[in-house]
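Next, two complexes with subunit A in common: one pairs it with subunit B, the other with subunit C.
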Partner chain A sequence: MTVERNSGPLLRLENVVQKFGGLVAVNNVSFEIRKGEVKGLIGPNGAGKSTTFDLVTGVRPPTSGEIHFNGIRVTRQPAHTRSPMGMARTFQIVRLFRGLSVLENVQMGMHPAFPDGLLPSILRSAERRRQEAESRKRAMKLLDFVGLADRAGERIETLTLGQLRLVDIARALASGPDLLMLDEPAAGLNDAETRNLAEMLALLKKRGMSMLLVEHDIDFIMSACDTVVVMDHGTKIADGTPAEVSRNREVIAAYIGRRAADVTV
Partner chain B sequence: MLMTLSYLLLAGLTNGSVYGLIALSLSVIYSASRVINFAQGEFVMLGAMSAVLFLVTLALPWPVALVAVIVVSVVVALGLDHGIYRPLVRRKAEPLTIMIGTLAGAIVIYGSAFLIWGPEPRFVPPVLSLAPIRLGFLISNAQQLSLIVLFFGFLALTWFILYRTRFGLSVRATGVDPKVALLMGIRSERIVQFTFIYSAAMSGIAGMMIGPLLGAHVSMGILITVKGFMAAILGGLGSPFAAAAGGLAIGMLEALMAGYGTSLYAEPAIFVLILMVLIVRPYGLLGDYEAERR
Partner chain C sequence: MAHSRHIEAPRAPTLLPVAVFIALGALLPLLLSSGFHVRLAMLIWIYAILCMGFNLLYGFTGQISLGLPAFYAIGAYGFGMLQTMLGFPPLLAFAGTLAIVALLSLLIGLPLLRLRTHYLAMATLAFMLIQNGVANRWIGFTGGQSGIAVPPLEWAGETLGRTEIYYVVLVMASLTLLLHDFLIRSHIGRAMQAIRDDETAAQALGIRVTRYKLRILVVSGVLAGVAGVCFGITSLRVDPSLSEFHVLVSVLTIVVMGGLGTRFGPIVGSVIVVLLPQFLTSFGAFETVIYGVFILVFLLFMPHGLSGLFERRRWSLRRRSSPQADAQAREMRRSAE
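The block that comes next holds the complex of A and B.
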């Protein structure tokens, strides 16, 4: 269960709407993520969860409604301004930098914290050398956390999908985010890799990381999350603990069908 | 026999250094933007022609003239960036469209140079001595050798920037995936602007140094672009070092063809060679698959 804490929520969506032409992909959705909370976002295909995720990460601004992060209105802030604000994301289709080493990929995530002006880079002041060493050290620590420290020097292409997802997470963590947003992190992973991922997320949660998780894998999300938002046809149909949500008639109906819901309850 | 060969190789190395610098420039810009800058050779022309202006007309000492040549190249590169690259990229133009845009830029630069300097070839005074230097049985001169030194110097500097600095890491990452790089807070426009400026400066300096050996005229740019482009394609456009090596290879081939056959067939022969290489290795001799997609 979530620990109730001071101040306002870390992330707040208020009546968010996204229309594509006549199609309402996200219909008046509101929810909050508190500090330290792990929130899942699930729903059948076409439920609007990916679109909602895009709105939160800033891929596009919503048609209407507001999104607040850390008390700041970010509704129309473009995606690239969100990493310095403390929002980091991973990608469903892993998008790491080919041709770069595993370590370099993680270092890329630190960009806001380690400015890269060219002249200082070449002149290599003592301060700059210290920063570069610090950046490598931090990246190594993160790789160690995800269990890939021994692959640091290898090119990213040599890794398996499961390992790539871990590097993606390490890269997201490298910016030192307040909120980690994971886009279907378990998609395409085998059982062992999924278990490994779940353990890592549990460890992150123990360290107080707030997360937003979009996932297809219901078992995965039910065990990883404090609370779950369920969407269907663009609308939020439930929001609560995994236990509450899994007893919800509408949720069962959305997943299994109306008649099954009547039978099960 | 050996002496002829050595001379030819030295001549090839000199020309190859210029082609290599252009190929290096093209590839650096390409790696960050997936655009081939058809105006690259114009910077060599600008370097050579403005060297005449600064060294002869204004009679500036050469270090000052060198700085002035770099300033001219950088200013024109900024014009290319702000006048063509950025407006097109912001309108979401395809790399191919932007490439045609750089061709337009080349024509504008050439046309302006024509208005300023007219069609006559100019003599560019050598910065360094043309007095013969003996290297064993080879005779060269400081100007010629400086081009080779320049080429390897820029090669080393480019490697250092790309592979030993955080900035270079950003350049490489932008080339692989500008959208994700943007999410990491790297503005690809800034990176591409750097590659334009850096490449223009390299080419301008090369122009100032090759001028005394080749002669300078306002229409020399396009030929140099084509040679540099061929070099980059032969070596592999995706990697600056492969592209630069392609420049050396073309310079050598040209010299050997001219020495042992006739220079008349040098260019067709090189084209045939490039064709054959590309059939077997579509990404260039040393190229990687990375040229394949943005």
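The block that comes next holds the complex of A and C.
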């Protein structure tokens, strides 16, 4: 098992298909993410990127095909099993917990590390207190990393959209993931916020974090990613470095139109 | 991230206010002169126990069980009937009663909690109607309208007096308060609120949503059972009125007035709901009207209830960060590399 873990790709999708009734939303898609790789997933509206993202994060199981993470088959594992395995995600629509403080939201990322039973949880043993203190400290560090340490005690509704996205990322990082999956992290951000986000992702990448990035913003994804998968109408049409992909005829056709592709190439 | 700036995490809440509530409760009988007042104080604690369960389930986990009064009634009936019909000693009857309400909660919750909230609300409400029907009509078993007698508590062959019974109820309420407080201040409490606020995100973070809902449903059922047992030992009689709608209305009023999802809302709310009608009796025919207006005013102007007023204040007092602070943080990250 260990050999397989160390040698194989971190995430592998094999001929993944998702049908909704007669509609094939994801058609036979395969790709891999190596350790330390930042992979972008792009495509025009309705290309099937969000559905693919849902399959990887376990929102629903695919109609057919296989998904492996760290050499383990996770195809049909429910969403709540992914975080303890080392897969963490953020959400396109901010899904933070309104009733919790900023700090507590980040602490939620560490939930699977805490004991599951009710009794060991409420009997505040020295061990439990130490774990809680540790978790607060770690959450503060992560908030410091995203530049929001001074907002730790505040409620979620006092933050701007850009700050909420950062808290979401801090919460995902709190689980200590091997793979960070970001669902349109730049959507709705202004230029300064987008630059701030890009800087942060570059820093994470420098530290060896593997990422899957679904994005609309082409410039953002081209600068942030090592490799890019392009989807159109549920099918993968290209997979390569940003430079390779942006020269690809089919990609240009999908984005700008058939005739433009003929002219450019 | 090895830079010199140190921002401390905000302080976690302490146990101190819990100790204050318990101490006040312990001193209360010394201040109260009449037996009627002691009885009111017991009623406050009994409602507080019942509503802490409801608060955990609805206020913190976001699941509505409208059938809580049924578990309250079963607690009282069970405690009496296990003693009179099966000859259980009081402690065993207490344990047996809690086992019964826990099992019933589990049976109701298992098929329902995978569904969204209103199914649980409707099904538990139906359960309450059934329970009330059985209590009223199965006269041979439950004594019908007139109910059953609950044997008085004894210690060394002597029946406990009113003040002693008050302390028994206080011990139960204190244990419930400690459970309530430890739960909501632990990571379990955070997980419960996460489920209430966003199930999808909670699931993505590795929280086993259905399992948590089921556990808290059982805890709330057991607490309702404890409240029922306390009612039994204070009034020595149980009848079907324990699971009638007015009890449900009282529970809802208490949690709304006290503050849903707050640490001490159920206690503060119970004090108001038990004492307010006593002060309003002088208004005669207008009593109910004024009571209703009170509830409306609370709903309109204090959506987080009385307890929420104090517990949430600290959030709003914190200063907001400025664009300079954001830029500073970015600079800091850059220099950290």
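The criterion applied here is as follows: the second predicted complex is superposed on the first by the 253 of 265 C-alpha atoms of A that agree within 3 Å, B and C clash if a C-alpha of one lies under 4 Å from a C-alpha of the other, contacts with A are read in each partner's own complex, and residues count from 1 in each chain.
FYI, contacts are C-beta pairs under 8 Å (C-beta built on N, C-alpha and C of every residue); 3 or more make two chains touch, one makes a residue touch a chain.
What you are looking at is a predicted structure, and each value in this text was computed from that prediction instead of being measured.
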{"item": "Superposition on subunit A - do subunit B and subunit C clash or fit", "value": "clash"}
{"item": "Touching partner for A:Phe97 - first (subunit B), second (subunit C), both, neither", "value": "both"}
{"item": "Which of subunit B and subunit C A:Met108 touches, first, second, both or neither", "value": "both"}
{"item": "Greater subunit A contact set [subunit C / subunit B]", "value": "C"}
{"item": "Which of subunit B and subunit C A:Glu199 touches, first, second, both or neither", "value": "second"}
{"item": "Which of subunit B and subunit C A:Arg34 touches, first, second, both or neither", "value": "neither"}
{"item": "First, second, both or neither for A:Ala79, with subunit B first and subunit C second", "value": "both"}
{"item": "Of the stretches 3-11, 219-227 or 327-335 belonging to subunit C, the one that collides with subunit B", "value": "219-227"}
{"item": "Residues of subunit A contacting subunit B in one complex and subunit C in the other", "value": "79-80, 83-84, 89, 91, 95-100, 104, 107-109, 111-112, 114, 116, 118, 121-122, 132, 135, 171, 175"}
{"item": "Complex contacts: residues of subunit C adjacent to subunit A", "value": "1, 5, 7-10, 12, 179, 182-183, 186-188, 190-191, 193-194, 196-198, 200-209, 215, 219, 261, 314-315, 318, 320-321, 325-326, 329-330, 332-334, 337"}
{"item": "Residues of subunit A touching subunit B in the complex", "value": "79-80, 83-84, 89, 91, 95-100, 104, 107-109, 111-112, 114, 116-118, 121-122, 132, 135, 171, 175"}
{"item": "Partner subunit A, residues of subunit B touching it in the complex", "value": "160-161, 165-170, 172-173, 176-177, 179-187, 194, 288, 290"}
{"item": "Residue ranges of subunit A touching subunit C (in the complex, touch as defined)", "value": "57, 59, 78-84, 89, 91, 95-101, 103-104, 107-109, 111-112, 114, 116, 118, 121-124, 128, 132, 135-137, 139-141, 144-155, 158, 171, 175, 196, 199-200, 203, 206"}
